[in-house]
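Below are two complexes that have chain A in common, paired first with chain B and then with chain C.
The block that comes next holds the complex of A and B.
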C-alpha cells in the first residue's frame, strides 16, 4: 500500500520573540499514513495533534525531520490542491454568507463557473444548509458552522482530508452526521487523517491510530490490534432461559477451569439517543436542517480517490 | 498562471468585501463626506478663498482619514486572519504565502480606491457649494446630505427586507448617490455652464487625489509589512511613527544627509517622503499639477511600495500560521 504521508523524526519547537526555544510541541515523530485509510491522531490537549496537522498542511515549519505529503513537501501548492482541511475552530469569514464562503474557497481551485456553482449547491445540500445559504456565517450556531467548515474542506474533491477535532462542540446528532460523512468518504477511497481526544469517535472511525503525549509518539498501530485482549474471548448467544443456560455455563467451567461471566449486551447510548430524537422529530417539526437518516448522502461530485502519490 | 490570477482576484475581492462589510470604512467615508459638505459653509465667508479652502480641507481629510483607514484595515486584515485561523484555512488551499499576502494588500488598496472615489466626488460637489465669493449654493451641499441619507436608508431597507449586509451596501449606494448628485448639479439651470465648470474642477482635483492615493498605498504596504510579524497594537503604533517620520524627515535627516552622513542618508532614503504627494498649493490660483510630476511620483510610490512589499513577503513567507 502506498504511503500518502511519510513523517520521519519530525520535531517542532516554538520560539519566543528573542528566538529562544519556548515549547517543544512535537518530538521525533515518525509515522506513515497509507492510501485509503482513516488514521487517527489521539492525545490529550497540548499533546501536539494540531501542531502535527498544521505541519502536514505546510502551515508550520518542522524544526527538524523529514515530511512528505502525497510525495512532495507539504508547502507545494500542487500538493495542497489535493488536500481538504477542516480546522479545530470554524475559522471562517464571519461577514460572508454560507454560499459566498463555499464559492470563495471554490475559486481557489481550477474549477469552471458552472462546476463551482454545482459543487457549492451540492455541498450546501449535503450539509443541510441550503435553507441558510444567504445567512452570514458569523450568525451560525456552532453546529451549522462546523457543517459549513466540513463542506469547505471537500470543495476541491480532495484525495487527502485532514480533520482537526471534527466533532468538537457538536451535539450527538451532529456528531453522528459528521462521523457518517467521514465513513462514507472513506468508503469512496479517500485518505483521512483526523485528530481528536474523543476516544469513542476515534474508535468508531479509525483503522489505525497514533497516540501522542507531550509531543511524543506513545503508541502506533491498528485500533483492533491495540485494543484486543487476546487472553479473553466473548461468545454471543440469543437470550437463554435459566434451565438451558446453567448446563452451558457448567460445561464452560469444566472446560476452562474458571467461572464464566454472563450478561445482556447493552445498547450504545448514542444509538439510543438518535432513535429517541428520530421518534421525536416525527412529532415536532424541525428547523435546524440537520438530517437524521440511515445513510448520509455525500455530494455527488465527490469521486473515488486516486490515492497514488 | 491563469489559476494564480484567478485565486489572486478571488482573495482580493474577498478581502475588500470583508473590510467593507465592517462598519469602519462606511463611517470614515461618511465622516469625510459630511465634513467636505460643511467646509464651504464654515469657511467661505472668512477669506473669500472658499474654493481653495474646500480643496485643501478635503484633501487633508483624504490624507489623514485615509492613512487611518489604511493602517487599521491593513493591520486588521492580516493580523486578524492569522489570529482567527481563517488565514491558515486559506493557506491550506492551493494558495502560496506570497499570493495570500499580495492579494490581501490588493484588497485593502481596493477599499482605499473606493474611499478615494467617494471623497473625490464629495470634493467636487463641495467646491460647487461655494460658487462665488459670499454666495453659497445650498442645493449642492444638500445633495451630499441627501446622498448620505439615501444610502443609509436604502441600505437599512435592503438589510431589513433582503438581508443585504448594511455597511457594504451603504458604501456602494453612497458612491452611486454621489454620482447621481453630481449629474443633477451638472444639469441644473442657471449659472454659466455648470457641467463644464464641474469637469474643470474634477480634472484639477484628480491628480491631487491620485497623489494622496499613492501615499495611502505606500502606507498600506508599510502597515502590512509590520503586521506580517507583529500583533495589531504595536503595528498601529509603529505605522503612526513611520508616518510621522515621513513628515519630518527633511528637518530630521536633511542637513546630516547633505553633509554626507551615511546613516542619515540611509534613514532619509528608507523613510517615506510624504511631501511628494501633498501638492495642494499647486492648485491655488487656478494652477494644475503637471501629469509628468504625477508620473514621477507614481514611479517613486511604485518602487517604494514594491520594496516594502518584498520585505513584507520575506517576513510572512516563513511565518508559522
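The block that comes next holds the complex of A and C.
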C-alpha cells in the first residue's frame, strides 16, 4: 500500500513574540497513513492532535522534520484540491443558508454550475438537511452545523478526508450516522484521518491508531493488535443452568490451574439507545430539524478513491 | 477567477449586513443633507457650491475612510480569529485570490455609497440653485462660474539665481538673523524662501507682473477668471485693498483694465470679459497697489497668489472625475485595511490602518517638515529662524528629516491628486489626473499592499 501521508521526525515549536520557544507541541513524530485506511489520532487535551492535523492541512508549518501529503507539501494547491477537512468547531458563515454554504465551498473547486448544483443537492440529502436548505446556518443547532460541516468537507469528492473530532456535539443518533458515513466512505476507498478523544468512536472506526501524549508518539499500530490480550481468551456460550455450568468450570479450573470467571454479556449502550429511539420515532413526531434515513446513503457523486499518489 | 468571484460575493453579503458600515452609510447620507444647513456661505452662488461640495464630500470621504479602515482589517483578521478563513484556505485557493475578492467587495461597497452621496449632493445643489429661486445676477453667475470648470494656469516661474541666493545668505548673516554655523543646505533653503516671499510683496504704489503661457480666447458666455489670494500688512485678515489689474498681450495695451477692492486672506475671483485676440497668445497680468485710504503692503500667496482660470469643460463631468479620484483613494485605504488585517490581529490592524489615515490627513504638515526640518522654528515677524545648532541636534534633524522625506515621497502624489478643493473651486480635474490617480493609488499602491500581504501571509501560521 502506498503512503498517502508521510511524517518523518515532525516537530512543532510555538514561539513567543521574541521568537523564544514557548511550547513544544509535537516532538519527533513519525508515522505513515496508507491509501484506503481509517487512521485515528488519539490523545488527551494538549497532546498535539490538532497541531498535527493543522500541519497536515498546511495551516501550521513544521519546525523540523519532513511531511508530505499525497506526495507533495501540504500547502500545494494541487494537494488541497484532493483533501476534505471537517474542523473541530463548525465555523460557518452564519448569514448563508445551508445550500449557499455548500455552493460557496463548491465554487472554490473547478466544478461546472450543473455539477455544483447536483453535488450540493446530493450532500444536503445525505446530511438530512434538504428540507432546511433555505435556513441560515447561523440558526442551526450544533448537530445540524456539524452535518453541514461534514458535507462541505466532501464537496470535492476528496481522496483524503481529515476529520477533527467529527462526532463532537452530536447526539448518539447523529454520532452513529456520522460513523456510518465514515465507514461507508472508507469502504469506497477514501483515506480518512480522524482525531478524537472519544475512544469508543475510534475503536469503532479506525484500522490503525497513533496515541500522542504531550506531543510524543506513545503507541502506533493496528487497533486489533494494540488491544488484543493474547494471554487471555473468552468463550461465548448460550446461557447454561447451574448444574451444567459447574462441571464445565471445574474442568477448566483443572486444566488451567486458575479460577475461571463468567458473566452474562451486556448490550452496547449505544445500540440499546438507538433501538429505543427507533421505536419512539414511530410514535412521536420528529422535531429535531434533521431528517435522515435509518441507513446512511452516501451522495452518489462520492466515487471510489482516485487512488494513490 | 471563479474562486475570486465566490469570495467577492461572500464578502459583499457580509459587508451589506455589517452594522458598522450601515451606520457609516447613514451618517454619510445624513451629512450630505444636514451639513449644508448648518454651515453659512458667503451668499454667492459659487460660495454655496463650494460649501456643498467641499464640506459635504469632504465629510463623506472622511466617514467612508473611517468605515473602510474599520471594516477592512476584520475581513481577514476577524475571519481568522473566528476560524472561518481557515476553512477557505484549506481549499485550493491562494491567499492572493482571497485578498483580491475581499478588496473588490470593499471597493464596490465604497463605490456604491460614495456614488449615492455624490448624486445626492449634486441633486441637492441643483435643487437649491434652481433658477426660479435666483436673481438675474445669480443666474448669470451660475452659468458663467458654476456650470463651467476651468483649468488653473500658474504663472511662469522666474528661477532663482545662484548669486541672488548667496547675496541673501550674506545679508542674513550680516544682519544677525542667521547664525553662521547653520548648515549650508538649511541656509540656502531659508534664503530661497525669503526671495520667494520678497518677490510676492507689493508695497503701496508698487507693481507686480506675472506672465502666463499661451491661451486660446474664451467664448463670450464663459469668461476667464483671475483667482487671487493675498495678505495685507495691515494685519487685518479680511481687510479690503484697492488694486488696479490689467490683462493683455505682453508689449501691447492691456485688453482688460479694472480698479477693484478685494478682500485679503480669502481667494477672490475677477471676471475677465472676452478679449479679442485671434489665436492662442501668451498673457501678462499686472497688479498695482493703489490703496489710498489706508496704504498697506500686499503679500501674494507664494504658491497660489495668482491663477488664470481658463474654461475647459462642464461641472458634472468634473464631479465625475473627482468621484473617480476619491474612489481610488478609498480603494487604496481598503487595500491598507485588508493588508493590515492580513498581518496583525484585528485591534492592532485597525489601529495601524487609522495611523495611515492620520498620515494622509497630515500629509501637508509632513511635506512641510520634510522641507524645513524638525527643529525649524518659524519666526512670527520678519525672517525665519533656524534653531539647529550642535552636532547631535543636527544629526537628529537630518535623520528625522530623511524619515519625513521618505513618508512625504509616498504621500506627495496623493496630495497632488486631492480633488476636493479643485472641484469645489470649479477647477478642472484632467483625465490625465484621473489616469495618474488610477495608476498611483490602485496600480502601484494597492499592488504593493497586496504583495506585502501575500508575502507575509505565506509565512503566517493559522492556529
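The criterion applied here is as follows: the second predicted complex is superposed on the first by the 303 of 309 C-alpha atoms of A that agree within 3 Å, B and C clash if a C-alpha of one lies under 4 Å from a C-alpha of the other, contacts with A are read in each partner's own complex, and residues count from 1 in each chain.
One rule holds in what follows: contacts are C-beta pairs under 8 Å (C-beta built on N, C-alpha and C of every residue); 3 or more make two chains touch, one makes a residue touch a chain.
This is a predicted model, so every value here is computed, not measured.
For the composite obtained by superposing both complexes on chain A, the positions of chain B and chain C are in clash. Once the two complexes are overlaid on the shared chain, A:283 sits clear of chain B and of chain C alike. Shared-chain residue A:135: touches chain B; no touch with chain C. Look at A:92: by the touch rule set out above, it reaches both chain B and chain C.
In the superposition on chain A, A:81 makes contact with both chain B and chain C. Contacts of A:108 after superposition on the shared chain: both chain B and chain C are touched. Of the two partner chains, neither chain B nor chain C is touched by A:264. Annotation: chain B segment clashing with chain C after superposition, chosen from 152-160, 170-178, 188-196 or 278-286, is 278-286. Overlap of the chain B and chain C contact sets on chain A: residues 14, 54, 57-61, 77-78, 80-81, 83, 85, 87, 89, 91-93, 95-96, 104-105, 107-110, 152, 156.
Note for the complex: chain C touches chain A at residues 2-3, 5-6, 10, 13-14, 17, 82-84, 86-94, 459, 461-463. Those residues of chain A whose C-beta lies close enough to touch chain C in the complex are 14, 54, 57-61, 77-78, 80-81, 83, 85, 87, 89, 91-93, 95-96, 104-105, 107-110, 152, 156. Within the complex, the chain B residues that touch chain A are 3, 6-7, 9-11, 14, 17-18, 21-22, 84-86, 88-96, 163, 165, 318, 320-321. Residue ranges on chain A touching chain B, taken from their complex, read 14, 54, 57-61, 75, 77-78, 80-81, 83, 85, 87, 89, 91-93, 95-96, 100, 104-105, 107-110, 134-136, 152, 156, 162.
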